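One structure, as structure tokens, below. Some questions next.
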Amino acid sequence: MAAPRLAVFKFASCDGCQLSLLDCEDELLKIAEKVEIAYFLEAGPRDATGVYDIGLVEGSITTPHDAERIREVRAQCKYLVTIGACATAGGIQALRNWGDAEEFARQVYARPEYLKTLATSTPISDHVKVDFELRGCPVNKHQLVELISSLLWGRTPHVPRFSVCVECKRRQVVCVAVARGVACLGPVTQAGCEVICPSFARECFGCFGPKEQPNLISLGMRYRDDGHDAEHLTRLVRSYNGYAPEFRDFDPQSLKDS
Amino acid sequence: MIGSVPGANLWLPKPALQGLIDRLRELGYEVVGPRVADGAVTLGEITSLAELPAGVQDEQEPGRYRLKVIESGGYFDHVVGPHSLKPFLFPPRTTVLQVLRVRDSWEAHSPEPPRPKRAVIGVRSCDLHALAIQDRVFLGSTHRDPEYAARREGLFLVAVNCGRSAATCFCVSMDTGPAVTGGADLILTELPDGFVVRVGTEAGGSTLAGLGCQECSPTVLAEAELVPKRAAAQQTRRINPATVHDTLMNNLQHPRWDDVAKRCLSCANCTMVCPTCFCSTVNEVTDLTGEQTTRERVWESCFNEEHSWTGSGAVHPTTKSRYRQWLTHKLATWIDQFGSSGCVGCGRCITWCPVGIDLTEEVAAMEGERK
Amino acid sequence: MTSPPANPWQVMMTTVRAVTTETPGVQTYDLTFDDAAVTYSFLPGQFNMLYLPGVGESALSVSSDPGDSTKLRHTVRVVGNVTRAMARLRSGDKLGVRGPFGTAWPVDDVRGKDVIVAAGGLGLAPLRPAIYHFIRHRSDYGRVTVLYGARTPEDLLFANEYDVWCAAGLDVQSTVDIGTHDWHGSIGFVTTLLARLTLDPARTTVFTCGPEVMMRFIAAGAVGRGVSASQVFVSLERNMNCAVGLCGHCQFGPTFVCKDGPVVTFDRVRQLLLVENF
């Protein structure tokens, strides 16, 4: 059997998720033995012909051109995987969805009329069918390797949808919300980051997006009662995954009294 | 040396506890004890008395844990923290099977589990009861857990009688503390100048030789007996173990389950900090060459969707059904399965719930409206 | 029965000898153990954990004849990760097995009685070993009736065996939810077959396996006809991971489905079966 052809595509993003793939180092050599890396501009290969077995898509859709291009990418890829917060939830640039993109452009650029940009930053799944999502800002390299390994072995990738707390506790990390009183998004955020922030006594700020069935209202009320005001909570939840539906729908201003 | 047979009470001056740590280390034990780390009293390797959290007290409330330091306090003024004995016997992540491709087939072998010699100092009565419960789970039926069994053999336990209770403690009502009644090699009661050491096992007694133990006066013994009584008197939370089984099982459709589901985050913290929760999942961890794969067991929780997954969807698809599964198992069906409650009243699930859900309150709400 | 290995995680390797397509999406795998020293036997209704290296394990009932130790068969529908990968297996491929696990249909305890075997869909697979047992020991039992329902005629499992079962002295009745132009049999649920059956409740035992809602109606129907709830046996499905009562996934109230089940009496679970999502 011929090695599966892999392509990596970039849309509006910082390239950090592609870097996570390059950061696989040892594993990358093994991946290159098993997979034909056909199209990966950041690393070199640019064989833009034909069909790819696996397409990894980084970045969100922010321009009319990208909205067209993602359809072509979808048509070229048998199995399309979005990698990272931008591709799965619109990314930090989706903050424009609460503002006025034209006004932002006028503030920043001398000649904004040269820009062709959409009013919103949207996830890939708003535009085409996505077969699998890898969360994170950036994605976790072990999850990337698991994704590719699972496809080679013919199974669905093991990417749990449970909370960051599960990983914190498996690592015996002391809960920063309970022991320090900080507003931590761990209980509503999907695991996968290897709990980098809580390991350094910092709160989780939701890089991996909402967990399965997150309860932001209950957590928000608790943090509000602990003295974290609505503005703080809004800022906390509206970041890398702010436009993910469960985070987007959470409005700390409207929390009722418990 | 004066008699160090099981049941004997001896007096150990405070600095002599260092001698016990040294003795255990000489015997090849890794000595684990309480120490302050990351804003909590956690369990980790210690080599010196100076590492113990002298004078540190923990204030615990639902969803809240803070430390404070008391002048001239004791080594064991804290109660139970976020850690328990569980990870030492039932590790959060472990390999159960290694599989190698050999020609056109596979060779599978289950690795020989490690047999660490580990001594834990400062174990509380609730956690000893939790250990006994986990012994029944992992060693009590036809199929014994080989890793748990191997780790259990090398465990040496130095228990401590609690001198105070946290606001979240309810061991008195569960009949699991605060006084240690057995299950440890040595049992300490801390007094201002030293410890009353009760010998729990012969192995425990033999470690005391040459440590400078003295005889206990009746006055000291009487003083020591007051220590756990003081802790017991401080407890305000309770569960009625005689009625809780039927209260829950007769109220599986009670509206309180909907109410708690509005508050519950299904984040799994309660199950992870619980010293008896034993759920795990074995995952396939593959390499990229296609030549080897490992079956890895990790802690799992009934609050996770994957936990109840079947071909036709999750059996417990909602937070309500997951919380109900957890509480009914912990307090009711555990009794049917193992002959004892799955709860030891340590209060960890109350303290470490980020939104402070208190199982004693949930039970009370259902007791109050018992059909 | 073989004694369980000291280490519950240890896998025995088998070779796939044949793959037979039974109905759309359902295949039977014939397995033999690679290690000739393995003496494997199972009781009807028990299950194995089948293991595909690199993919994972799945709990699957044995569907072959417990009286024939040369054959180990599993009849499997593609529903998840492992079963999907299993569908790619060909003769000669390797498959790991742990087992057998769980409780069995109590065929020895019901000697002399009338037995109703009521199955829905793939639920016939875990009951086939019991059917084979009744055929081997036909004179030990009274009336043995197989009531079986599937979605459509082409979903009827083991259809080419019904005549053999009838010839061996079993009463076999099948029904489908949705008929086709060439289907001349019964249309409707298995419960309607049960309702039509004449039975002597005092000497009747029911073994049922299928979707939970079907088993509930079969059990309730039988109990409604006067059969004791302790003489109705159901086979439960839950998530099984370790298969030996250590991992906690398969709990159903006080029951660890992997070791106290999958076969349990209806009276043990009837109340809990009524609680949604329990």
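Per-chain numbering from 1; labels A, B and C assigned in written order.
Convention: a contact is a pair of C-beta atoms (placed from the backbone, for glycine too) under 8 Å apart; a residue touches a chain by one contact, two chains touch by 3 or more.
Note that the structure is predicted; figures quoted are calculated from it, not measured.
Colleague: With contacts defined as at the top, give the pair, A-C or B-C, that has more of them.
Modeller: B-C
Colleague: What chain is most central when centres are computed from CA atoms?
Modeller: Centre-most chain by C-alpha means: B.
Colleague: Of all chains present, which has the mean Cα position farthest from that of chain B?
Modeller: Of all the other chains, the one whose centre lies farthest from chain B is C.
Colleague: Roughly how far is chain A from chain B, centre to centre by C-alpha average, rounded to an integer in Å?
Modeller: 37
Colleague: Can you check how far apart chain A and chain C are, centre to centre, with Cα atoms defining each centre and the answer in Å?
Modeller: Taking the mean C-alpha position of each chain, the two centres sit 44 Å apart.
Colleague: Starting from the mean Cα coordinates of chain B and chain C, work out the distance between those two points in Å.
Modeller: 40
Colleague: Using the touch definition from the top, which residues of chain B touch two or more other chains?
Modeller: If we look for residues of chain B contacting two or more partner chains, we find 283-284, 286, 290, 293, 318.
Colleague: Residues of chain C touching 2+ other chains?
Modeller: 54-56
Colleague: Could you list which residues of chain A touch at least two other chains?
Modeller: Answer for chain A, listing residues that touch two or more other chains: 153, 155.
Colleague: For chain C, which residues are in contact with chain A within the complex?
Modeller: It is residues 54-56, 81-82, 85, 88 of chain C that touch chain A.
Colleague: Spell out the part of chain C that touches chain B in their complex, as residue ranges.
Modeller: Residues 4, 6-11, 13, 34, 53-57, 77, 79-80, 83, 92, 94, 96, 211, 237-239, 241-242, 244-249, 251, 253-254, 256, 259, 272, 275-278 of chain C touch chain B in their complex.
Colleague: Which stretch or stretches of chain B touch chain A in the complex?
Modeller: Within the complex, chain B touches chain A at residues 37-40, 42, 63-66, 82-83, 87, 92-93, 262-269, 272-273, 283-284, 286-290, 293, 298-299, 301, 303-306, 318-319, 351-356.
Colleague: Enumerate the contact residues on chain A facing chain B in the complex.
Modeller: 27, 30-31, 33-34, 145, 148-150, 152-153, 155, 158, 160-163, 165-166, 169-175, 177-181, 184, 186-188, 201, 211-215, 217-219, 221-222
Colleague: Give every residue of chain A touching chain C within the complex, in rising order.
Modeller: Touching chain C from chain A are residues 153-156.
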